[in-house]
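All chains are identified by letter, namely A, B and C, in their written order; residue positions are counted from 1 within each chain.
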Amino acid sequence: MIPERLVNWVVFAGLLAVPLWAIVVDEPFTITLVTRAVILAIAAVGLNIALGIGGLVSLGHAVFFGLGGYAMGILAYHAQTYTSLDLFGMSFAGTKAMPIIWLVAVVVSGVAASIIGLLSLRTSGVYFIMITLAFGQMFYYFAISWSTYGGEDGLSIYVRNGFPGLNTLVPIQFFGLCFVLLCVVLFLSARLQNAPFGLALNAARQVPTRVETVGLNPMRLKLVAFVISGAITGLAGALFADLNRFVSPTMFSWQLSGELIVLIIIGGVGRLFGPVIGACLFVALEHWLGALTEFWHVYLGLILLAIVLFARGGIIGLLTGKEGAHV
Amino acid sequence: MSTLLIIEQVLNGLQFGVMLFLMAAGLTLIFGVMGLINLAHGSLYMIGAFAAAAVAGATGSFVLALAAALAVAAIAGALIEMTVIRRLYGKAHLDQVLATFALILIFSEGTRWLFGSFPLFLEIPDYLSGPITLPGGIQYPLYRLALIAVGLLVGLGLWALIERTRIGIQIRAGENDREMIAALGVDIRLLYTLVFAIGAALAGLAGALVGAIQSVQVGMGEPVLILAFVVIVIGGIGSIKGAFIGALLVGMTDTLGGIFLPEVFKLFMEPGAATQTGSALASMAIYILMSLVLIWRPTGLFGARA
Amino acid sequence: MSDPILATRDLCKNFGALTATDSVSIDLKAGEIHAIIGPNGAGKSTLITQICGGLRPDSGSVHLLGRDVTTDSTQARAQAGLGRTFQISALAMEDSVLENVVLGALGASGNPWRFWSRAMSDRSLTAKADAALERVGLIEHRNTRCAELSHGQRRQLEVAVALTLSPKAFVMDEPMAGLGAEGSKLLTGFLDELRAEAPILLVEHDMDAVFALADRISVLVYGQVIASGTVDEIRQSHAVRNAYLGEEG
């Protein structure tokens, strides 16, 4: 059996090698495809903090993905139309600078996650699942009915936002940016998992009563995990919107929330690289199967069923021969 | 704003509510007895609608169409219970979510493959179409009135089934103590399949009934499923009574909110902005209602206290 | 006599028609082991859970170090100095033995909000955890996964986690269960010394251990304290014999 560390390094190297190879053979579309996988991986790494370590089955993470997307969309829209954004009686200018957009995306989705988390964490189990799903739907309908920013049609951003010193319209440069962010987020997530906070959160998932008896508050641990998780997924949303230069209410859809969980399961729950492998596989399946048949979701469904019923550890579990750390 | 309009909207809310109840009742029953969260319940709703549209198209009979919706959804429900769902009892919620999410993907694409991407239309039969004059001179569509009646009748039937029959006793026993009913010699596998099929049939019926006033298309089930979840969160998991009250609350809030909130905002805003703010807020009304219930009573109005 | 470290006053709890705790007033003084005995289903665990904050009593109060903590959360009581072990192990089964005890040390430190440093490289946490494992005799299993421990070892681990909190009072729910004769003897010796550090409210079915350790015994039957006294008083009590010990001869 293959050690997990080796699997991780192979995936890491693969993520770098494929786009470089795509430059050599001049296939920019492949770079875009890998960039898409990298961005979805960032979102899933975020979700994995809540789901994998904290055990919070959030079926509403598209909320944060969408908020990140709209943070980008709205800021860039005001910049490209030279209008100001009026909020709480104050007037802000739009921006096309990625670092500022990312910051806004992270803050907005973090705040949303703390409100949704506070409400949802009053309950647990199935209630939590249903409530997060419902909040996702709320944002979806809100985005549809809010016609200032395109309503159902969404918002198009004509020129990709900029990053100092880079030409983000060149696919490989934008890829590089996303890849670095993925590395940062992975590193952060690894540190967090091994830190005192991760230890306590991990225990709060397994035995909340024990965590209470040693004087810690499991709900507060889970809430903080949910906020960090939402903020990271929000960052991914901003990048995703920039990749497509388009945002629409579908970024809030329940399908997307479901797919983010699916990514993690395909890769392996609670594993550092689970979301990354899952995202790569998902994008590959979408691309190859989607080219073969219009109905590729049927196959995705069957694969998913097989994994849930027979291969709990996901791909990493299969490769390393370990069922996965989690029950 | 006239009283007539208000009464009409209240009836619309009632109609929406009882249809939500058909969905929520099945979901909450399945959760109460088997402890399963079933995301694919919306697919069964869709299957009912498609079965009805196909049979109505072939035979022209609305009654046959409804019978087909009930039968096909119940059979589909029993089949997935025996092949997939059965393996999920007692498993982690995450597994249940994923497996039933997979079922949604399979059913949605399968239906698209069979029927194509264009919506089908299910005609309201002549004897139910057109408006009817209610006491007080209110004109109201007869079909919608029929939906309210059917919904209430099914609710009554469900109550009778659970409170008054042997199967009902077994179902209630199953909610309280799984080992006990096994010890009583009840075939628990059969009971579970039956409960799942009943839930599926209710969803299928709702799909067919609503299909006649909206279009029948792939993906029609999930928005209703999520509303049914809101209903259950409000009413309390496992409680049929909670599902009923929750469904009416959600139906009313959504319908009346959409009509009246923009009007309310017009009282102190200019009309354009009022309509926009009002309708945006109306789209969030039921979720705000859900949040309030959560703050007040985290396990729902009729859920078991923790 | 000094003020009790831990006390309950007229504690009552009903589950529907069942009275699980019936006006229970007990206390725990510095340096003593107060044993609670009683038949299965007498309400011992329910009492413990109310003392530690997992269940809210219907009426009555709980006092810790002279302060009314009846409405305090479990974690507030733990921070105030209550160290509990569970009858049914509440341990992170996927984690190693050491990680479980480090969690206790982390709780004692009161600051889980550290997102960067490695928990298992933090000497202030691991040293405390190792010391606790050493004391209960689990040190050679420190890297074993908790799920692989025997039933008795899990009981020892429960005690080790409680030790890391350096509590003002221990509340232990059947720590001897599943230990076997040898293990019980070791743990009996350990608890005997431990009472000097903090008094122990001890729920236990193992009568040899109870008679060897207890300074006082309270007998709980159908949620009620039917007798309370020294080991000799309880041994000779007719009420206790009839209600409880009588069954065992």
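Structural remarks
We adopt the following convention: a residue touches a chain if its C-beta (ideal position, glycine included) is under 8 Å from a C-beta of that chain, and two chains touch if they have at least 3 such contacts.
Quick caveat: nothing in here was measured; it's all calculated off a predicted structure.
Interchain contacts link the chains end to end along an open line, per the touch definition above. The chain with its Cα centroid farthest from the Cα centroid of chain C is B. In whole angstrom, the spacing between the mean C-alpha positions of chain B and chain C is 49. Mean C-alpha position of chain A lies 31 Å from that of chain B.
Taking the mean of the C-alpha atoms as each chain's centre, chain A and chain C sit 43 Å apart.
Residues of chain A in contact with at least two other chains: 327. Within the complex, the chain A residues that touch chain B are 51, 57, 59, 119-120, 122-123, 125-127, 129-131, 133-135, 137-138, 141-142, 144-148, 254, 258, 261-262, 265, 269, 295-298, 300-302, 304-305, 307-309, 327. Chain A contributes residues 191-192, 194-200, 202-203, 206-207, 209-217, 221, 224, 325-327 to its touches with chain C in the complex. By the touch criterion given at the top, residues 31, 37, 39, 84, 87, 92-95, 97-99, 101-106, 108-110, 112-113, 222-223, 226, 229-230, 232-233, 237, 276, 279-280, 282-284, 287, 290-291, 294-295, 298-299 of chain B touch chain A in their complex.
Contacts from chain C toward chain A in the complex involve residues 52-54, 73-76, 78-79, 84, 86, 90-95, 99-100, 102-104, 106-108, 110-120, 122, 125, 161, 164-165.
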